[in-house]
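Reading through the structure tokens given below for one structure.
Note that the chains take the letters A, B and C in the order they are written out, and that residue 1 is the start of every chain.
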Amino acid sequence: MPVEIAAPKIEVRASTPPPETSGKAKVAVRDLDFFYGRVQALHNISVEIPERIVMAFIGPSGCGKSTFLRTLNRMNDVIPATRVGGQVLIDDHDIYAPGTDVVELRRRVGMVFQKSNPFPKSIFDNVAYGLRINRVTSSNSELAGRVEQALKDAALWNEVKDRLKTSALSLSGGQQQRLCIARALAIRPEVLLMDEPASALDPIATSKIEELIFDLKKQYTIVIVTHNMQQAARVSDTTAFFLLGKLIEVNSTEKMFTAPNEKLTEDYITGRFG
Amino acid sequence: MTTMTYSSSDRMRRGVSTLMTTLTFLCTLLAVGALLVILFYIAYRGIGSLNFQFLIDRPRPVGEGGGIGNAIVGSLVLLLISSVVGLPLGICVGIYLSEIGRGRIGGAVRFIVDTLTGIPSIVTGVFVYAILVLPMKHFSAMAGGVALALIMIPIVARTTEEMLKLVPHSMREGALALGAPQWRVILGVVVPAAAPGIATGAMLAIARISGETAPLLFTAFGSRFFPESLNEPIASLTVQIYNYAISPYDEWHAQAWAATLVLMTLVLGINIIVRFLTRKKF
Amino acid sequence: MSAVAQNRKLKFAGNNSTWRRVLSPTGNTGDAIFRVLMLFVALLMVGIVVAMVFALATDSMLSIRQFGFGFLTSQRWDPIKGEFGALPFVYGTIASSLIALLISVPFSLGIAIFLVEQAPHYIARPVAFLVELLAAIPSVVYGLWGIFVLAPVLRQYVEPALAKTLGWLPLFSGSITGIGLLTGGIILAIMVTPIISAVVRDVLAAVPGSQREAALALGATKWEMIRVVLVNGAPGIAGAVILGLGRAIGETMAVTMVIGNRPQISWSLFDPSYTIASAIANEFTEATGDLYLSSLVELGLILFLVTFFVNGVARVLVWNVTRKSGGVGRAA
């Protein structure tokens, strides 16, 4: 007789209601296809991401979540033999239209990677890097001010304020990841993409990052990819479920984890596969 | 919201980036161009004096023609001597470094081999002069061969070590688990598995040695005759080219170019064959 | 215990002779012999280097005793009078190597950056092979080409042009023959470029892709991203340059054919000069008298020590950077 295993209950943090939006989405993806050579990795994805919310993408590994995230700031361009079909509109501008300034795009759509990748420079120089190359300011004091603000936003300031000139590589894993977040925040992107930002971290560092994300969404639109459903439930307002390169469902987090629309979603949430 | 078209980014940054990437391309173009210019010039200058007589005759006084036959034979003899001495020793050192040498002794030996790689070949020539030529009181092909072998050994040792290290550990463990002693595993399993790589390393070392001149200047010295014994001075392509090049005679200059063409054919030929053999098939 | 079990027990225990246990951890005779043989060969290498230092030191004793430390500071190289000083050669070696590096390093960096960061794979591999072929050309061939191609070009076009525009600098004064320090430096630059660029290529390739992505994701242009990669590879690049320096210092034939072989120290790049290696090559077989020969051997000893030190520094720098990716693959 088959045994019914009770699915673990997923705690959904009561999400703050999204601020009044004009109804226009910050990021609108329409019929997106993506190919690695001849292999199609994303099939006909359409989703709208409103401003100043946290949207989480969940799904089993290898289902295209990271690939999708990277199409939003055209990081996939560095991989040879990739092809994109469809549109990705940020503020109504198709970022794949010819003539798009990719450098400017990446300044306005920031990214934090799965494994922290600080430059082999000092903590200060890491955070200041984006500011310097974009010539945001020529005044040293203003630069220092922006760096301090970014580190505070990333909840790292208190831990490093006395050693800004020491090497970034001397920080712990969790601190390095928060440093990378500060580095991305320093240039004040409008959208922040996070690719499994806490997967390489211990539980305490992870909870710090999650707190951080919860705070950041007051200012930024955040898209986070995670394979950890509990994490998605904790931090996001909206959740999208990916499977095999297709978008199965997009729903508010509360509904997604309590009463999803699709059967596939429910099966995944309750752990019947993946 | 500003639009994301080209005008909105900092034009100068983009310009600098394009400038620098163009410069790097030009550098590469220049390097490849230099190579082709040198090679074609050698062919252009050398082909005129190249004929069969040239390849088999020995040098004659200015105005009487002559050839590099004895130099070609001499170079082959020197290559043979140095390979017979240098290849086995080099491969053994490579085996030691990869399979056996551990800890302090292994580290010291590796350091020594690295040192040997960096010694200028002229210093090696001086050394062999001191220990072979002076006691024997004359130049000899043996001394030249030994000098070349001393240059060859660290090169062969390095490539052998690298090739052996590429053999997966699972192969070694499989043999050991069947009860084979270590020496059987090394000689019977690991070395044969790395043999193609070791062979190409040996070929590259030979190509390198065939171009050496400095260590031969006062060991093998040079000769105008075909070699008759290993105990006397012997001619070689490289020394002959050098002597002809610095001479004041146009006829000998032309012969130097022709000899260079022969030498370059050998050296390039080996390099291209090795490259062909080691191309990735997937 | 039964006889069979006892037999089996003995077999597993192996040969317990102390010698065998010391020589081979497996306790196997064949292993012991093999290891001794290999160790012997390895120690032979140590012996060779020791013998080298010893022979060089012994045969230069005469000159060392005669001139002492003044050998390094004296400018006089007079075989007839029996006065020998190494300073002209030290100067020539350093000057020609510096010129070579000044010309070569930017080009080598450019080539390495292009091949690693810009060129698509199917172009990078054959082009890299072609650049490495430059290293396969024998030194004497470079010398030949230098005498008959480079020197005339310098004499007829380049050096007059330099003299016309920058002739007020002592660097570009002096008579123009096409044979001299500048020619030597240029030939050396061509010869060390493939080595430096090959090592820098390894160093850059060892920089993790996550660094490049981090820079790009912050809105960096391609060149700005390359600068991040260069910062990552800085110690290795320094090592590559020093490796090239070591190579330039020891280079003999090409230099001796184009540098003029005159033991003099002069400001002008057009004037002939002399390096340690080319002095040995040029004068060794003509050395009359023990003091003359001993001085030349002492030059060899100096060359040995200098290249030993320089290469040691280079290997430390390069080894540290590339050891994650499998070690340096060049027999430089």
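By our rule, contacts are C-beta pairs under 8 Å (C-beta built on N, C-alpha and C of every residue); 3 or more make two chains touch, one makes a residue touch a chain.
Everything numeric here is computed off the predicted structure, so don't read it as measured data.
Peer 1: Going by the touch criterion at the top, tell me which pair is linked by more C-beta contacts: A-B or B-C.
Peer 2: Pair with more contacting C-beta pairs, A-B versus B-C: B-C.
Peer 1: Comparing centres built from CA atoms, which chain ends up most distant from chain A?
Peer 2: Most distant chain from chain A: B.
Peer 1: Report the chain ID whose CA centroid sits closest to the centroid of the full protein CA set.
Peer 2: C
Peer 1: Could you put a whole-Å number on the gap between the CA centroids of chain A and chain C?
Peer 2: 49
Peer 1: With centres defined as the mean C-alpha position, give me the chain A-chain B separation in Å.
Peer 2: Taking the average C-alpha coordinate of chain A and of chain B, the gap between them is 54 Å.
Peer 1: Nearest whole angstrom, what separates the Cα centre of chain B from the Cα centre of chain C?
Peer 2: Distance between chain centres: 15 Å.
Peer 1: Which residues belonging to chain C are in contact with no fewer than two other chains?
Peer 2: Each of 221, 224 in chain C touches at least two other chains.
Peer 1: Name the residues of chain B that each touch 2 or more other chains.
Peer 2: Answer for chain B, listing residues that touch two or more other chains: 13-14.
Peer 1: Counting only residues that touch at least two other chains, what does the list for chain A look like?
Peer 2: 103-105, 108, 133-134
Peer 1: Any idea which chain C residues touch chain A in the complex?
Peer 2: Of all residues in chain C, those touching chain A are 120-121, 208, 210-221, 224, 228, 231-232.
Peer 1: Sort out for me which residues of chain B touch chain A in the complex.
Peer 2: Chain B residues touching chain A: 1, 3-6, 8-10, 13-14.
Peer 1: Sort out for me which residues of chain C touch chain B in the complex.
Peer 2: Per the stated touch rule, the residues are 24, 26, 28, 30-31, 33-35, 37-39, 41-46, 48-49, 51-52, 55-56, 58-59, 106-107, 109-111, 113-115, 118-119, 127, 129-131, 133-134, 136-141, 143-145, 147-149, 190, 193-194, 197, 221-224, 226, 246, 249-253, 257, 277, 280-281, 284-285, 296-297, 300, 303-304, 307-308, 310-312, 315, 327, 329, 331-332.
Peer 1: Across the complex, what residues on chain A touch chain B?
Peer 2: Residues in contact with chain B: 90-91, 93, 95, 99-101, 103-105, 108, 133-135.
Peer 1: Can you check the complex and tell me which residues of chain B touch chain C?
Peer 2: 13-14, 16-17, 20-21, 23-28, 30-32, 34-35, 38, 41-42, 45, 89, 92-93, 95-97, 99-101, 105, 108-109, 112-124, 126-127, 129-131, 150, 153-155, 157-159, 162, 181-184, 186-187, 205, 207-208, 210-214, 217-218, 221, 238, 241-242, 245-246, 253, 256-257, 260, 263-264, 267-268, 271, 275
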